[in-house]
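Below you'll find the structure, written out as structure tokens, and then a few comments.
Each chain gets a letter, A, B and C, in the order it is written, and its residues are counted from 1.
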Amino acid sequence: MILTIENLIKSFPKKEGVMVAIQDFNLEVKEGEFVCILGPSGCGKTTLLRIIAGLESITSGKLLLKDKPIIGPGSDRGMVFQEFALFPWRSVRKNVEFGLEIKKVPPTERAAISERFIELVGLKGFENYHPNQLSGGMKQRVGIARALANDPALLLMDEPFGALDAQTRNLMQKELLRIWLETQKTVIFITHSVDEACYLADRIVVMTSRPGTIKEIFNVTIPRPRDRASVEFAQLRKTILAELEREVVSAPIARDNSEANV
Amino acid sequence: MDRKSVMKRRLQSIVIIFVSMAIFIVIWWALSIYFDLNYFPPPDVVFEAFFDSFVTPDPNLGITMGQNIEASFARFLEGFALAFVIAIPLGLLMGFMPWVDTFAKPIVELIRPIPPIAWVPFFFVAFGSFWNPVLTVFIGVFFPLLTNVVLGVKSVDPSLLDAARTQGAGRLTLFTKVIMPFSVPYLMTGVTIGMGVGWMCIVAAEWIAAVGGGVGYYILVQQQVGNYPYMFAGMIVIAILGLLTVTLSGYAEKMIRKRMGML
Amino acid sequence: MVAVKTDFLESNPDLVARMVRAHIDADLWIIDALEHPESANYTLLLQMGATFSARSTEVVEAALEHIKYSFELTPEVLDGFADFTEMFIDLNQTSLGSYDSIDDFVTDFVNDTMITAALSVQPSDEVLGTIDLGFLAGDLHQFARVVAMNSTVGGGKTLYETYGLNVVAANPAGYLNGGAVMDAFAGGAIDVGYLGAPPAILKKLNVGTDIKVVALANSEGSAILAREGINSFAELENHTVATPGPSSIQHLLLLFYAEQQGFQMKLEGT
């Protein structure tokens, strides 16, 4: 098991009392798995990802990466963001090399590694472009290359295609699978698109609304590349959608702004 | 088609600028002739004085306009440099560390509203005729620089910080590799604002005393001896210098933003 | 010296004569007080000086030793004006313009008939006219004005009032320099002004501000102050000297004196 989450509870202090975002969360992730976490808005899936990334602390419970507790952020858990979060003053190459610079990798080695990943994500020739010269899809490719360049144990993706248009999104999903197959990374992918989860995941973890916990875990055995028009795909989607809808309906209506990220 | 219309628009603006300048000079001419006052000379007399001031050393001061500009410019740069050296590190720290901000803020906010000009008498008495104009420029430039640097630091997109952390960045790296580069365009805005303020400060400071001349001092002397065409010439010099520095700085700001692919 | 706007002089000669009379009386009072340091007048003089110049009476006392108060426009004084004019022309700070010669200019610059007229002026209880007056801030050269405006000296009323004049100070705190006084003349803010001759000469020639000198206020009273360790003018070689500005009398005097002593002043922008 590369990632172990045991009895995870995450709560935030509020003006009166606490707000429990995640509770009784238990999950084990195998190396090389593609796990999608699906849930209604406000269920805590982004918070969960941030906890795994080390950007948030846990209130109680166990969180182990390769049997060692996770204490803070690090390049062993690469993250890809919905808003891309590329450094605008750095070129594509320099963005990808960011983590390597921090690790003080010598320049020639850095160049070789960054070139490899830039090519892998399909951006060969764009090394010296700046983010503001790239389309949304291209930016996200850079984001992925940047995360992968550090050879992370986990690739954490927070609704990475949410800001893209439908066509680009579909294209990027295919591209992601291609990259995943080649690098064999363990991926934890947050989304609220049932279709996307069905298309990508080995396992789909459906979360309840807040306080978030695991409602149901689905194993997806349909071989890839998956045909959205096929019967099994449609069936899977229908089942999960139904599961999700039940959760959405019972989700609390009143929610204040500070919980938007949950 | 697009290229052509851009060129056309640019040409149009240049023509309009020329026309407006011409109208300005004509009105000036007419008014000066109408009022016929010796302290309101017509444009041709002023322009003649303007060019002459560069060629002939002024009898009252013993130096040419070029030398006066040199003297003022040197003070301007020195004051600017001093402001740079203090405002940037302070601003970065204030934006990055909340306790520094809390500590420095009351002092900054107390001094900021005092117009730089008001400091001149004090600076002159306390620090002498060399430091007076330098410090006055410093005070004028320091606050816009500081404010903009702090703003830059506080405006850093938090997701950039998150991204950097997930790349293995520690606190120091966040500061040097994310916050500092991000603040540069904001800094440049502060510089451009500072440029305009700086010239005003120079003139005011030089009015109390100036060793080695200076454009501000020049204007004052011309008034004292009654050389009004030359006084106006001095004012034109300052207008040009102010315009030049602000435009150059704005241009530099744009170039930097472009190169950094930012904002 | 005391200057009057030419057109005011031409339309109000009697008022100007009275003004000059008050000025002469004041000057004589000062000279008398200085000759009798034990008298009450002397103490009053020091006090007035201290209040008006914001310095202590000791400072005022020391200063008074170096100032010579007088009012007559003697040939010597006129020569002095001619010398100043010549120096300004040599330095290129001004030119004669429409005047044929320096003497021509000085003749137009000065009107000494007022001093004579002043002597036959009688006191008047009635207010005969108003004069807008300009003077320099904190300048002990112009002590006569302070004295003329002081009621104790006049025995209950000011010397101006004694001669039937309503004198209004256009800028109660005083102007910053002679150039500013000349500007006040040009702008119509004052009719009569106390200022130094050099700035008046400069602006009369450069700008055409039309004034006439009707009386002197002082003939000596400028000094060069040096830091401790420097005890003679010669020791100032290669040092920097500060003056109140290129239109001031001190600046001119410095240039004159330096030339006399065989030194060359280098103007480097100050």
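Structure notes:
Following the convention adopted for this analysis, a contact is a pair of C-beta atoms (placed from the backbone, for glycine too) under 8 Å apart; a residue touches a chain by one contact, two chains touch by 3 or more.
Keep in mind it's a predicted model, so treat the numbers as computed, not measured.
Under the stated contact rule, the graph of chain-to-chain touches is a line, running from one end chain to the other without closing. Relative to chain B, the chain whose mean Cα position lies farthest away is A.
The chain occupying the central position, as judged from C-alpha centroids, is B. A straight line joining the Cα centres of chain B and chain C is 41 Å long. Per-chain CA centroids place chain A at a distance of 88 Å from chain C. Between chain A and chain B the centroid-to-centroid distance comes to 49 Å (mean Cα coordinates, whole Å). Those residues of chain A that touch chain B in the shared complex are 53-55, 72-75, 77-79, 81, 83, 85-91, 98-99, 101-103, 130-133, 146-147, 150, 156. On the side of chain C, the complex with chain B involves touching residues 91-94, 177, 179-180, 182-183, 186, 199, 202-203, 206-209, 240, 242, 245-247, 266-270.
Chain B makes touch with chain C in their complex at residues 38-39, 59-63, 67-68, 71, 209-214, 217, 220-221, 223-228.
By the touch rule above, chain B contacts chain A in their complex via residues 157, 159-160, 162-169, 173, 177-178, 181-182, 184, 260-263.
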